[in-house]
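Going in written order, the chains are labelled A, B and C, and every chain counts its residues from 1.
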């Protein structure tokens, strides 16, 4: 049976050699190598649920009066976009399940990318010959952020409208050309031309997924052509020889299991834990707002940066050179992205290490990198936490103004301190290992064979 | 009329003196109750309670204490607004929600268990209203007459900026905005008309009684929001959602990876 | 002949990795042998059947009209997938062979191919004598064509014309109306509260339309020079859109002890930019870098509130020219 199928296929495509190679492709085994797979499977769930949702969503700001089955909104004027999402939630069977699964998948997708990035960074997996793979990964992370932002902005509920206004403000704040850029994208000052909704829609359901899918393909192709990195194994020269489990049969059930588990967890969340209940937020109007409006978690670091910025515009001769949102909304993410992109090349230059590496380092093997990485991560995470300081006030009662002042100072001190501490700690760990190795060697040489 | 005022004043002073004596026995910021209060006449009881617990900040005649002073019992800084013309509305709201008395003038009054029982609150409210020039009575809202949908629009326009769209509370520069989960219709109606602490004071010309009913109908609805999607996560949006994404989903899936993949050993 | 040779090749390749597929003789094994584990197989079969049952339950729940439908649907499908996942992972851990392969990492570089590529490109251009001219011309064509292809993107919006940012629906004598369209009378505007106002008869869903109106004690006002008459009876109107990032100023903090302590404040709920209505909308806290634009008011003979002119500056978030011009209708 199998043989006949393979024969049919091979005779027409000549794919058998490739197929054989693929089945016996070796995956080095370590649990942290699976984090990227989690992101991949979350993306698969996103695409599948997203396609389903496109059949019901209407990207239009045309006004309508709601007459669906959710009583508390009946008779309220709203946009077609918002109405269609309320309908997906209440009048499309299984619509709410798919919608919530889609949203959870987005949250988990970015979380998995971040975890994967952390693993890649702290093990030095981005070093030659894998810089391109890494750069594509960084691009995907930022594309995913934009894709997620577009997704929740299209719905036109109270929260998404406020988020869109902030995005507009940030775009406008780009020095010199912000106003032109904003007009080009929105078509008209906020809330934009009606065609802006089609633009967001086509970007969210076609252009960005295409971009992410393309980058993903390139990412995987590069991984396959250079093969995976691995941790050092004692029995072979790991820099030359790769030890791994073949795709088939070894890796297949595990990867398949992980994919099914990702989908299962996301569907369970989608069914049991409410996410973005837009029917409770109500429709958006430019003149309305709610307290405690927050973006999805993966943009929380930007709202934190926007809130921490002291109040000033850079003004020269009555020209607003740099409006305030630029610092937190544009410069900060650009600095983070720039640092991530530049890191492999910076490291090459500073260490002078131009060799290719297939063996991963443990974090302690590169104390400076680990220290800088921990410091950088702490910096971003603290700014992220500052974005939730109003909620910290409501739940913990810590004064908001004190929190803001604390963060304004602490984001510069704590990361440096933690980075230095980590660096010392890595050195200590390494020292301990050296002492241990010396002792073992001494014992071995003292013992007659 | 005049004589009655005088009589009231005399009662107030007498009660105040006896209460002041009692107050010395209590801890500085403690609440003074009237022994055998239930047997006294309502106004007399109110006068006593007022003198003992409220007068240090609001003045013996409800005239308010504009500049901070130390004239109260104990060593608290006393300062408080005038109660002239507040009627029964304000004392009823502040006392029933446990927002008064405060420990220090200037601190934000927050909802807690009331310090006085219902009878005592009635007495103080009646006393404040009768002695300090009358004023609005306790409102009687009828949320059943109001449309929840219109209420949502009104709430979004007037209230959501501070209280959050589902009344989950929030922040306004310098103050914490209370959660509305525990508020009953009367308290909501009172708060809208009084504007407690930093909250705006919405007059009837702005929010009519009919509109107020709609707003209350909506707020009552937010106590039991439609959680069609499952567990509601407190209805405050993406912050708890992000926590679930990280602490539940990412944690479980990373754990699964750790189970499937090998650990670093050789 | 060709067909037959291809067929033979295919058969050989197929033989290579299919165990027991050949009729002729048993080929050399590729996959490592793994001992059978009938109990594990039973467990996996049970997991698969349970997954099937949950999937069937999903279909049934979908067909029925249940209360809490979303929860049941998610539960059944999610558990079904998790059971399948468990089956796959358990099978992988038990009876599916998991052998370790050793192979060489691919060569990092291919010097021969690199040289060949270089050679091919160079040799292909051997016949060219006027290289610079051609490169220049091709560059010009590429650049011009590229530009031509990009130009239609300008239709997305006015690219160079930033006039829309200075548009305002307000002009002298335009009445202020409430959400229902009823004009605001000056004597209705009470202190200690805030009102949202719109230009009469104009479109509301744009940044320059909504106002926030408050009444303060005229003696407490400290408006900038030239705005002495902008607030008749102490009634002030500001744009309701935050100058930081464009959210609606939906919060009003009234003074605790009227009239002044703490100062009244208009606050944006997005990043808590805080503006003082008494002194012309100056920023007192938060990230906004510019005062709130103020709209001058007048009270007409009927007692209605009307705009007395134009905003003190452009409405909404800042940009390059935000301080250079005042808006106009």
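Couple of notes before you dig in:
Keep in mind that, in the parts below, contacts are C-beta pairs under 8 Å (C-beta built on N, C-alpha and C of every residue); 3 or more make two chains touch, one makes a residue touch a chain.
These numbers come from a predicted model, not from an experiment.
When each chain is reduced to the mean of its CA atoms, the one lying nearest the mean of all protein CA atoms is C. The chain with its Cα centre farthest from the Cα centre of chain C is B.
Chain centres here are Cα averages; for chain A and chain B they lie 43 Å apart.
Spacing of chain B relative to chain C, judged by their CA centroids, is 39 angstrom. Chain C has its Cα centroid 13 Å from the Cα centroid of chain A. Taken residue by residue, chain B touches two or more other chains at 153, 157, 160-162, 170-174, 228-230, 259-260, whereas all remaining positions touch fewer.
Each of the following residues of chain A touches two or more other chains: 29, 96, 100, 254, 257-258, 261, 265-266, 269, 271-272, 288-293, 390, 400-401. Looking at chain C, one finds that residues 70-71, 74, 89, 196, 248-251, 269, 272, 285-286 touch two or more other chains. Contact residues on chain B toward chain A in their complex (touch as defined above): 147-149, 152-153, 156-157, 160-166, 168-174, 176-177, 179, 221, 225-233, 235-239, 241-246, 248-250, 252-254, 256-264, 266. Chain contact summary for the complex, chain A toward chain C: residues 2-3, 6-7, 10-11, 16-17, 20, 23-24, 26, 29, 93-94, 96-97, 100-101, 129, 162, 165-166, 168-170, 172-173, 175-180, 182-191, 193, 199, 225-227, 236, 239-246, 249-250, 252-254, 256-261, 263-272, 285-293, 303, 306-313, 315, 318-321, 323-325, 328-329, 356, 358, 390, 400-401.
Residues 6-7, 10-11, 13-14, 16-18, 21, 30-31, 62, 69-75, 77-82, 84-89, 91-92, 96-106, 108, 153-154, 156-162, 164-165, 167, 196, 198, 204-207, 209-210, 240-241, 244-251, 268-273, 283, 285-290, 316-324 of chain C touch chain A in their complex. Interface residues of chain A facing chain B in the complex, by the touch rule stated above, are 29-35, 37-38, 70-76, 89-90, 96, 100, 104, 107-108, 111-112, 115, 158-159, 231, 233-234, 254, 257-258, 261-262, 265-266, 269, 271-277, 279-282, 288-298, 300, 362, 388, 390-391, 393-394, 397, 400-401.
Contacts from chain B toward chain C in the complex involve residues 66, 81, 153, 157, 160-162, 170-175, 195, 197-203, 205-206, 228-230, 259-260.
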